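What follows are several structures.
Paired with chain B in one complex and with chain C in the other, chain A is shared by the two complexes that follow.
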Partner chain A sequence: MSTETAGGERESRRSGPLVRVTRWMENLSDTTYAYLLLLPVFVLLGSIAIYPLLRTFEMSLFAQTFTGLGEFVGPGNYVDLFTGNMDRYLPGQPTFLPQSFGIQGLVTSALTMTLLFAFVSVFFETIIGMGQALILDQDFYGRRWIRAAIIIPWAVPVVIQGMMFYLMFQPSIGFLTPPLADLGLLAPTNTLNDPASATFVIIVADIWKTSAFMALLILAGLQSIDRGLYDVAKVAGASKWQQFKHITFPLILPTIAVAVLFRSVAAMRVYGIIDIVSSCTVVPSLSCMVVESFFSGFNAAAGTIAFTTAAIIGLVVMSLILWQGEEAI
Partner chain B sequence: MATIDDTDEPDGPLNRWVQRAIEDPERVYRALFYTAMIFFMVTTLFPFYWLLVLAVTPNSEIIGGGFIPEIELFGATVPFPLPVPQGFNPGAFVDVFREIPFHLYMLNSFALAVTTTIIVLVVASLAGYVFGRLEFPGRAVLMLAILAISYFPPAAFVVPLYDIFAGNAVNIPFTDVALFQSIELLNTPGSMVLPFSALFMPLSIFILTTFYGQIPDGLEDAARVEGTTRLGALFRVIMPLSAPGVATAAVLTFISVYNEYFFSSIMATSPQAGNWSPLVGGILSYQTQYTTSFNLMAAASVVGVLPMLILVVVAQERIVSGLTSGALKE
Partner chain C sequence: MAATQRKTMSNNHSDDDGQRSSVSRRRFVAASGASGVAATLAGCADLVGGGDGGSDSGDGGDGTGTTTGDGGSDGATTIQWGIGPTAVQTAGEEMKTALHEAGGLRDDIEIEWVPSASDTGEVRSNYNRILNADQSDPDIFQMDNGWVNIFIQRGLIQNLSETLPEDLLSDINENYFSGFTDTAREPSSGDLYGVPLFPDFPTMQYRKDLVEQAGYDPESENWATEPMTWEEWSHVVADVKDNADVEYGFTTQWDIYEGTACCTFNEVMSSWGGAYFGGRENLFGPVGERPITVDEPEVHNALNMMRKFVHDEGFDGTFADYAGNIAPTDILGWIEEPSRSPFAEGDAVFHRNWPYSLALTGRNPEETEDPALGEDLGAMPIPYAVPESEAAQPGTGGTTSALGGWHLTFNPNSDNLDVIDEVVSAVMEPDFALELFRLQGWLPPRPELFNSDEARDVAPVGRYMETLQVAGENAMARPVTPVWSQQSSDIAQSANRVVGQETSAEDAMASLTSSLEATEQN
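Coming up: the complex of A and B.
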């Protein structure tokens, strides 16, 4: 205040463009002001997310030929995609829908490989994350360091995570390949170019990296449980297993359900780890197919797969949000 | 239990342990607890150990394998449970910077991460203030829309974005009407910072909404009575008071950008440090150009992951609170 009186002029009497903007902003209604402050978010998300999404959809409505975009065909590409006519624009051997329901058929189909990857890795991540969370929930000396060690994989860059597992399973150096090949889990030679083996390695890599994330979510659920319940159970003579079965598990089940569904949606975006450990032509995730067909010059095919992926994920997220309702916020 | 009678004690350490465990089930849980803890420690830390083993092993020894030595144990020959280095050659950590300018790739990653973090903090602060402190029509719908967008796969955006960043015209969707000609952004920071900001902003918005919403109205009112502008109150009062929340959003954004793969590998078309290729480009160069220098790949990975290890140890609390509050909101 003293500085203003020293200037001999009150703030509201000053003029100039900055002051005018400030005064204009002061007099806005709450709603107008809210939308004004959200403007940068709208611009950023509008140009980087919504505009490209619309353009992707537009691209998917034009015929795909080997020379470029053809005439407008409406939903024709989506029909082609689900009848297998689009497969010739996919790089390498992969198809969109599985040709057979054996392991080989499932992992060489873009759709089922992605779903299989999401399902299997999230399943194990939940179980391992639950184990890690139960440990971190205890009070013991050095807990801080153990927690740091468990979180670390989550903070490892995807490219380095990929190098780790590439170097562990590369058949000419990896010491893990021969024993696992003996068990019949991996192909003994050319391991990372075999679709089933490469999918196995990629799932293991994803479980290693993302279990910690599940652990933290489940831990938050565990710590919100009223400790008094355990005291009551102890007095009643319940064993640790009974306490887990009747108190802990039912109370964290909703947290786990939401975490699992959102993690599955995120897992369906898998791309980087495949690109490093194996190659997109060997392990055909949906994101992989978009990138590969785009760089082969098949924009309509890329757009069709991209929009199909977005639609699948969008439907899951929308139904989740409707199911969770206001609680989601 | 200390009350066990010495004369009843069975023979052998295992039998003794079992006997005590039956009398005191607590011991079994404790044993299970430590076994599980050691198991998780070994599985999470083993890949780092493997990188170190490969990095210090001279490359000529790597192809031969034989990382699992046989050892003599009670007269029998058994394989040692951990791989050990074959020789010792720390020079790989120097060569990593000599073969390609690996430090420049890391600097690029830092520059991209810092720029993105600043943009995200400013934009998400405005949004967090709006969602956390103002009541207005459309609030819930907008938050849901931002949440939904954050779950769309980057692959759904990449093709048109690449076209724009390559300098093609920006058309109104579903028409041939060109809005404007874009400037070429591929191989510049812009082509990565823009997608990163859009991709990682939603999480920061949700974190900051929670923190800003918790500041009592009285403090903001007091600042306004003192003569602060509306924006001034946000940046001079609410943001400093929510310092832990801002730090959380900053740490998570920084880590996410440093770790990002999809746009980092696509938008930097030539993996050259001079073309703003980040860490991803540096490590992939070793995989594609030095295909048999496995010790260099491992050493580069060790160097590249060090900043994240330090950050996790230093900022552990922030990461945990950010991931749980942000993700449970979502």
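Coming up: the complex of A and C.
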């Protein structure tokens, strides 16, 4: 609007509210201007994210009873969670900390199950994703189509993905259960109610879906490598392996670190695929425990576990950042 | 990625800064100013236009909105009713008609079904979420008698003793199954929070044609009213299965879900003389003071018998007289509908399920597109292991049917509380109850109607009325207390693992005892 009237008049002569605002804004320092632009985002985040977060935190400070919230107990719920007193609000047999260090103890603990899921799935996703990215980085006929095809699993909604894996591994109709059971990887019957087998299926489902995401991130890193470096390496007589070890890998390492960071955060929050393929009672992830206790009306328990989960994710992220230094972010 | 960023930054640093300080800020103000003005104008235009529309030209544009609004002032009210998805699929439209015709509901009150889930545990979570959020719809919730109590204790549903007219309340007090109605009351005050819609008693359903082909005579042997022992029954199943071309002998539900804890496991355990918390008198508490009696020989036997049925396991000859291998391992993942479908399709000889299954499976196959058995469907009381006189826990033993059934409860935040009385009155109409019995197999909640000739004449479920009456006399409620939902998932998981041969009955029940103790001490 103002541009239409700007015409031939000299800017300094003009006056009015709009001009005053513009002038004030133009004289702001870079930092202040940046904060001004960020203000709407802060307001939005504050009203739709920070408030519920604080409210959840407040709820986690009240005693949990089977009929609702009790009196103010401060950090008592967090103490209860780590001493096992909170376990009775979790669905079925799962506990928060492992009761023993045998298989049975580890698979019924929400904490070890979540860490196990996150570690194993991200590990394989990174390896497979890197392999895919290295292939996609080559020049070959039809590369564009392959790239599109490889991303399809990433676009499949989690409910559909869950149904696919449920149908593939459901013991009476799934075609994959008998051969894998023969190999000893899965329980032949009651497969999706067996903690070890269900975890296996869920990890495979997650790897299938998110390796493509890793591949795309790593591919972006690969393509930013200066091709000239390889020419130099060839002239110097470096083998393919040496090229990978001394050029490719060090240069994509920061990218891999970012990708691993994203995936780890997401993997630590796993819920949907578990609920569809098996159930939260069988494969207890931390988010599962939050959702289940919240749905049962145990808001204080849900809040406590939610904040503890966030803290654990924070710790994992922190250690990843420390591992890769500031370069990663 | 980071490398790329660094590269770009260093290359473009100076240009970027130069552009940013002079041009972009003014453009930004201009753009945001322009869009702000545009938005304001659009908003005003809308307001002004809307206001004008009220007087003349707006009629066309606001057509739909006005109709609904007018309808509201004329009194047409839509009541949202949360209900199971199978019931809506089976006879959703017919039930609406029945409410108006048999129940006498005013025509300007319309019912809209809001299907929930088929797993009762999921329904509970869903309604918990809705009511905790103070959502105003659905107006009516169909709630399992097994968990209405939890909603009452948390103060989430409408207290009907305060709002329903006296004649309806006294009708419920005097003429309904009192044991069933009690599950909709607040235990200490006795206030009513739900209108009993239908009690539910499961039966053992079977293929009469196959059984007769194998040489049995259900009519003269009184299968319909005289319960068999599990031992005798297991041989019948094995025998009939061997003589017929069917895939399964016996289908039931043993998944990790509420239904296993409340019902299938509870029935088998009780028929062996076992119980979760001592005898019948401890079913509803006092929590923390009652004994926990799952780690007892009768409970181990009940679980081992199921294992025998599924895996034909020997257990050192304990079950040598029983036939094994009559139930598929699939039961470990089945809830009601998945276990009913092979039976309805003719692939199973015996099937344990609720009366709705009699209504659906008993339909004449020529009159429905769904698989059905018609007159070939038979029903008998669920078999037992020890008679009541020999039961270890008082009040158990003999044939046992879990007490199921659903109540109608009301959303205290509903905008339609003024017409709730009329819906309740229509629902309580005996003719409507008979229609539900015919359409869905939902048993009448009034004993007088339940035992009447009218009910017996309702096809197809009326054919099985004798069996249902035996089941009703031997019903066992689940131990519903505020801690039951936590206990039930623990119980279901333990029962599932034992029958899945992942652990022994002794170990599983010992660890179940300690986790039940933890939930009891609160």
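Keep in mind that, in the parts below, the second predicted complex is superposed on the first by the 270 of 329 C-alpha atoms of A that agree within 3 Å, B and C clash if a C-alpha of one lies under 4 Å from a C-alpha of the other, contacts with A are read in each partner's own complex, and residues count from 1 in each chain.
We adopt the following convention: contacts are C-beta pairs under 8 Å (C-beta built on N, C-alpha and C of every residue); 3 or more make two chains touch, one makes a residue touch a chain.
It should be emphasised that the depicted structure is a prediction, and the values quoted were computed from it without experimental measurement.
Shared-chain residue A:A306: touches chain B; no touch with chain C. In the superposition on chain A, A:A34 makes contact with chain B only, while chain C stays out of contact range.
By the document's definition of touching, of the two partners only chain B reaches A:T56; chain C does not.
In the superposed model, A:T281 lies in contact with chain C only, and not with chain B. Of the two partner chains, chain B and chain C are each touched by A:M25. Legend: residue contacts after superposition of the two complexes on their common chain; A:I127 is shown touching neither chain B nor chain C.
When both complexes are overlaid on chain A, the residue A:I103 reaches neither chain B nor chain C. Once the two structures are superposed, chain B and chain C can be ranked by residues of chain A touched, with B on top. Contacts of A:L315 after superposition on the shared chain: neither chain B nor chain C is touched.
Legend: residue contacts after superposition of the two complexes on their common chain; A:V232 is shown touching neither chain B nor chain C. Residues 1, 22, 25-26, 30, 33, 170, 172, 217, 220, 255, 258, 294, 299, 328-329 of chain A lie in contact with chain B in one complex and with chain C in the other.
Contact residues of chain A toward chain C in the complex are 1-3, 18, 21-22, 25-26, 30, 33, 65-68, 87-89, 91-93, 170-172, 187, 189-190, 192-194, 217, 220-221, 224-225, 251, 254-255, 258, 279, 281-282, 292, 294-297, 299, 327-329.
Chain A meets chain B in the complex at residues 1, 4, 11, 22, 25-26, 30-31, 33-35, 37-38, 40-41, 44-45, 47-59, 128, 131-132, 134-135, 138, 144, 146-153, 155-160, 163-168, 170, 172-173, 175, 208, 212-213, 216-217, 219-220, 239-240, 255, 258-259, 262, 265-266, 268-269, 271-273, 275-276, 286-287, 290-291, 294, 299, 302-303, 305-307, 309-310, 313-314, 317-318, 321, 326, 328-329.
Against chain A, the residues of chain C that register as touching in their complex are 1-4, 7, 20-22, 25-26, 28-30, 33-34, 37, 124-126, 128-129, 132, 150, 153-155, 255-256, 328-330, 332-333, 482-483, 485-486, 489-490, 492-494, 496-497, 500, 502, 511, 515, 518-519, 522.
Touching chain A in their complex are the following residues of chain B: 25, 29, 33, 36-37, 40-41, 43-45, 47-48, 50-51, 54, 62-63, 65, 67-68, 83, 122-124, 126-127, 129-130, 134-137, 139-140, 142-144, 146-149, 151-164, 170-171, 173-174, 194-195, 197-199, 201, 205, 226-227, 229-231, 255, 258-262, 265-266, 279-280, 283-284, 287, 294, 297-298, 300-301, 304-305, 308-309, 311-313, 316, 319-320, 323-324, 327-330.
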